[in-house]
Amino acid sequence: MDLSELTQIKERELAARKKYTLRCCMAAGCVSSNSEAVKQELEKAVVEAGLQDQVEVRGVGCMRLCCEGPLVQADPSGMLFEQVDPEAAKSIIQTLKGGKAKARVGDANAPFFKKQKSIVLANSGIVDPERIESYIAADGYHALYHVLREMERSEVVEEIVASGLRGRGGAGFPTGLKWGTVAKSAGSRKFVVCNADEGDPGAFMDRSVLESDPHSVLEGMAIAAYAVGAEQGFIYVRAEYPLAIERLKNAIKQAKAKGLLGAGIFESPFNFTVDIRIGAGAFVCGEETALMMSIEGRRGTPRPRPPFPAESGLWGCPTLINNVETFANVAPIIRNGAQWFAGIGTEKSKGTKVFALAGKIQNTGLIEVPMGTPLRTIVEEMGGGAPDGGRIKAVQTGGPSGGCIPADSLDTPVDYESLGKLGSIMGSGGMIVMDQTTNMVDVARFFMEFCMDESCGKCIPCRAGTVQMHHLLTKIMEGKGTARDLQKLEELCDMVRSTSLCGLGQTAPNPTLSTLRFFRHEYEQRLQPDTFGPRGNGKPARATPSA
Amino acid sequence: MDRLKVATIWFGGCSGCHMSFLDLDEFLIDLADKIEIVFSPVVDAKEYPENVDVCLIEGALCNEENLEWLHKIRKRTKAIVAFGDCAVTGNVPTMRNALGLNNDVNVLDRAYRECADHNAGIPNEAGIVPTLLKRVVPIQEAVHVDLFLPGCPPPADRIKSLLVQVLEGKSPVLEGADLKFG
Amino acid sequence: MAAITLTINDKQVSAEDSQTVLNVAQEQGIPIPTLCHLEGVYDVGACRLCLVEVAGVNKLLPACTTKAAEGMVVRTESERLRKYRRMTLELLFAERNHVCAICVANGNCELQTMACNQGMDHVRYDYCFPKWDMDLTHERFGMDHNRCILCTRCVRVCWHIEGAGTKNVAGRGARSHIITDMFQPWGTAESCTSCGKCVMACPTGALFERGSTTAEMQRDRTKLEFIVTAREKKQWIA
Amino acid sequence: MVTAIADKRQKAALASAQLVAGDKRYKILQTTMKRHQNQSDALIEVLHKAQELFGYLDTPQLRFVAQGLRIPPSRVYGVATFYHFFQLKPKGKHSCVVCMGTACYVKGADKVLAGVEEQAGIKSGETTPDNQVSVLTARCIGACGIAPAVVYDGTVTPRQGVADARKQIKEWMSHGS
């Protein structure tokens, strides 16, 4: 493969485009609403109408408004069809010729779509995730070519540093800095790992990226591998995402066949292979040291850091671990330049962030917005507020490691620092909206139960502390708790946060702490008067003799 | 000067802590000048008086009667001392808890039916035989406890050390050799 | 290996840069509590009792896995650390069924001793009272899961020193437990060499020699030390 | 001692050979291990394969894997029980996985689960005595946009109410009798 071949593929693909395209969402959300049948029926209807030469029916990745799936969009009109029934296929074909569709027509210009800014999801809903040609036609693998043939390794790292990209997995560590450390670490063998163990309940951005645009992740990994000097990559993906695994496997196979993975890529001395490792249902494996244990075929228990994976990771070799969305940002940065990327977002949080909007909100689905977009814009304008005349009470970000942001802080811009100040975190991008019917003590208990079940059991504070905190929260929830229990709970939150071995334990108290901070009255309402009797002063002696 | 009003009581335990108390030997004679035992298995009082200064509680909470007494004691006592491991941790009596949700029934079955040589049957008399609690717990799970004196039993010198500090009007602190479970 | 100087509790001490903070402190006679560390096997940093404060680092660091460094300023005792250590111990006591009075290790138990040293006079949390079994199928040794604190010393000596790999941890979270081979009775575990190193390593009364009764179980750590010294320094003298 | 260990090894190897000869699935499992050069790192991959072949993992399979990858049985068992995905008991003919992710939870997944459990007469993680239905929960299947989601026999189904879920379970159970 060389540049001319790449260009040829692109041109051939563009030349084959037909007058009309019907893009049919084939991501997991719509697939579960029967979009496969919709696509089949559309194809059949095209043939029946004799329009094969004019209409292409293309299976694409996530079209974002998951709650209204299955979604179909027509090009070039941009008409959007929602909740499409397979039986409506024929009528949709007729709309191309001015007919009326027997399907709900959505507003493709609604704020939900218009307020988005796509970098990571640029191809999502546009390209066919099962055909590498479709990705190449959208300038795919051009960045890899540019990097391999025209850039030094150090230049690539510098470019990422200059872009200001930060890890999209949760903590927001500067990506360029991480790459630089791995690049500088001594070792003949190095690894690049893509963390696709998206375990936060309420988050499905990474799943969508993998299902919708798997090649962008592969390209990002290959660029990273070149920059740090690795030749082997792993994608660690959850077993719960069978469609994503299937598309990744397919993408790797196609990339190999085209010589975009393997030995001597783009006729350079660079070799890179990618293997998929399938997780087996352990949230803690999202923690990087636990993830590495799991790749090595062991129990996914974390180990203390330092040493950091960048120095000593898989099999003791320097290892670069980034999350799916981080890798998906890489190729666009190389293609458009670091300055372009740095021009989006806020001073300290650059670029965009993908969020999975769910819970008590009108429009659920995926959104990608520039960093710094106010929460209010996201949940009220784009999300359309709470359904059924409800009132938004809080927005939960960061899953079991995050916190609840109360409605009166909705003007907070979404960036790493602002969310941190509110006791929450950016997290991987789950955003769950809660309305006035949501009980915040129950929310805290729900997340604590999650952490308790997902604790690996290695360190005492997390293993036993989450059990006790869950017990106390349940007690309070059931109206059996006292002020003493609340105090114990708060002490334990502090202790577990400060002493746990890994991020899971260190952040497990966050949902409790944040609901205590903003919704303390909901806890206090449930407390029982103390029946423990008077507390003595520990001084029973003659200082206070009895009469 | 009034003597310090001291009570002791025996819940779910083996009475070993009380035996250890009696092991104070001649110190008991010194004590007699300074404290008055107003309620205890070793004295005759039937009713727990008001305004008790210190109560040493031996044993874990095993049945409804224990719990009732404990609340009464808490109301009428300035300082409660969890006296020995059973009161502090639950100790041996709690071992029935691991028998599961119905351990209160199971443990009686085992004791009075399975192991009975004759007259198998669970003693049952409303108002006389108290009902077992679902779970045996240490006393601090039900009321405020002011001082903890672990040990099984706490040896006499540790009891002495605590009492001396109490009589001196200090807030007793148990450290080093004075603090040991088992 | 280079000589370095660091400060522990306001005291200047010298050490080698390959040493851990725990190692240096112990050499200097500065006690740092720990339950999972065992001389001779690799450290896991799991019990969190050896956490210390290091100036300039906002997280608490486990002394057992943190390398000593030039100019490091370490504090092993503080109000905060004492509070956390006591809470950690209380969590352990509440987690399983520790009944000191009837334990083989009474008086020789690291957990019991540490609780007293840390001033834990009672447990503030509700006890969990889980149901755990005892394995008495091995002809020489027994295991009582009620007393296990999951320090994994037995797992590590079995693998690292004996090379048998009989013991491991199964399950996860609070349901984690030590197993032999395929979660089968110890007496039927084919890989077990009956060497007894796990029993020597156990900090509590969870692993014991059969036939020992309350407070009788004393552990001979010198045997483990002997093997480790022999291996690492090639000195075959006890 | 040395001969005793050699004896044990030989016995284990013999047992493995017998399994391969008697059951094609073991043969496939063996091939999978070979494809990974019998490296211990491949343990999780191999367990995935075993579960795919047998539906669940039992002791003979785990021993077979331990023997094949040359790792202690205790480690194989430790890994198999660490990950929720691995089942050590056979599953029912049908499976109902209720997603308990946050989005599903705030939209009433707990009530759906309670309904399913009541209808099936079992708790999550269990299988009905007639082996018809297994009820399981998942920690978010990433279908938050269509919450609450339930997976019936591998098919993700959107917006499930208590009545929908009960109906499905009832149907499965009546087929069994």
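In this document, chain identifiers A, B, C and D correspond to the written order of the chains, with residue numbering beginning at 1 in each.
In this text, a contact is a pair of C-beta atoms (placed from the backbone, for glycine too) under 8 Å apart; a residue touches a chain by one contact, two chains touch by 3 or more.
Values in this document were obtained by computation on a predicted structure and should not be read as measured data.
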item: Chain pair bearing the highest count of C-beta contacts; value: A-D
item: Centre distance in Å when subunit A and subunit B are each reduced to the mean of their C-alpha atoms; value: 57
item: Computed distance of Cα centres, subunit D from subunit B, in Å; value: 50
item: Whole-Å separation of chain centres (CA-atom averages), subunit A against subunit D; value: 26
item: Centre-of-Cα separation between subunit C and subunit A, whole angstrom; value: 39
item: Junction residues of subunit B, two or more chains touched; value: none
item: Residue list for subunit A, restricted to those that touch at least two other chains; value: 282, 299, 453-454, 456
item: Of all residues in subunit C, the ones touching two or more other chains; value: 124, 126, 169, 171-172
item: Topology of the chain contact graph, where touching chains are joined (line, ring, star, complete, other); value: other
item: Full enumeration of touching chain pairs; value: A-B, A-C, A-D, B-C, C-D
item: Subunit C partner contacts - residues on subunit B that touch it in the complex; value: 82, 85, 88-92, 94-95, 97-100, 135, 137-138, 140-141, 145, 148, 150, 152, 174-176, 179-182
item: Subunit D contact footprint on subunit C (complex, rising order); value: 159, 164-172, 179-183, 190-191, 193
item: Complex interface listing, subunit A residues touching subunit C; value: 282, 299, 303-304, 452-461, 463-468, 471, 488, 491-492, 495, 498-501
item: Contacting residues of subunit C [partner subunit A, same complex]; value: 44-48, 51, 59-60, 62, 65-66, 83-84, 87-88, 91-92, 94-95, 124-126, 128, 149-150, 169, 171-176
item: Residues on subunit C engaged by subunit B in the complex (per definition of touch); value: 93, 97-103, 106-107, 112, 115-116, 119, 121-124, 126-127, 129-132, 146, 215
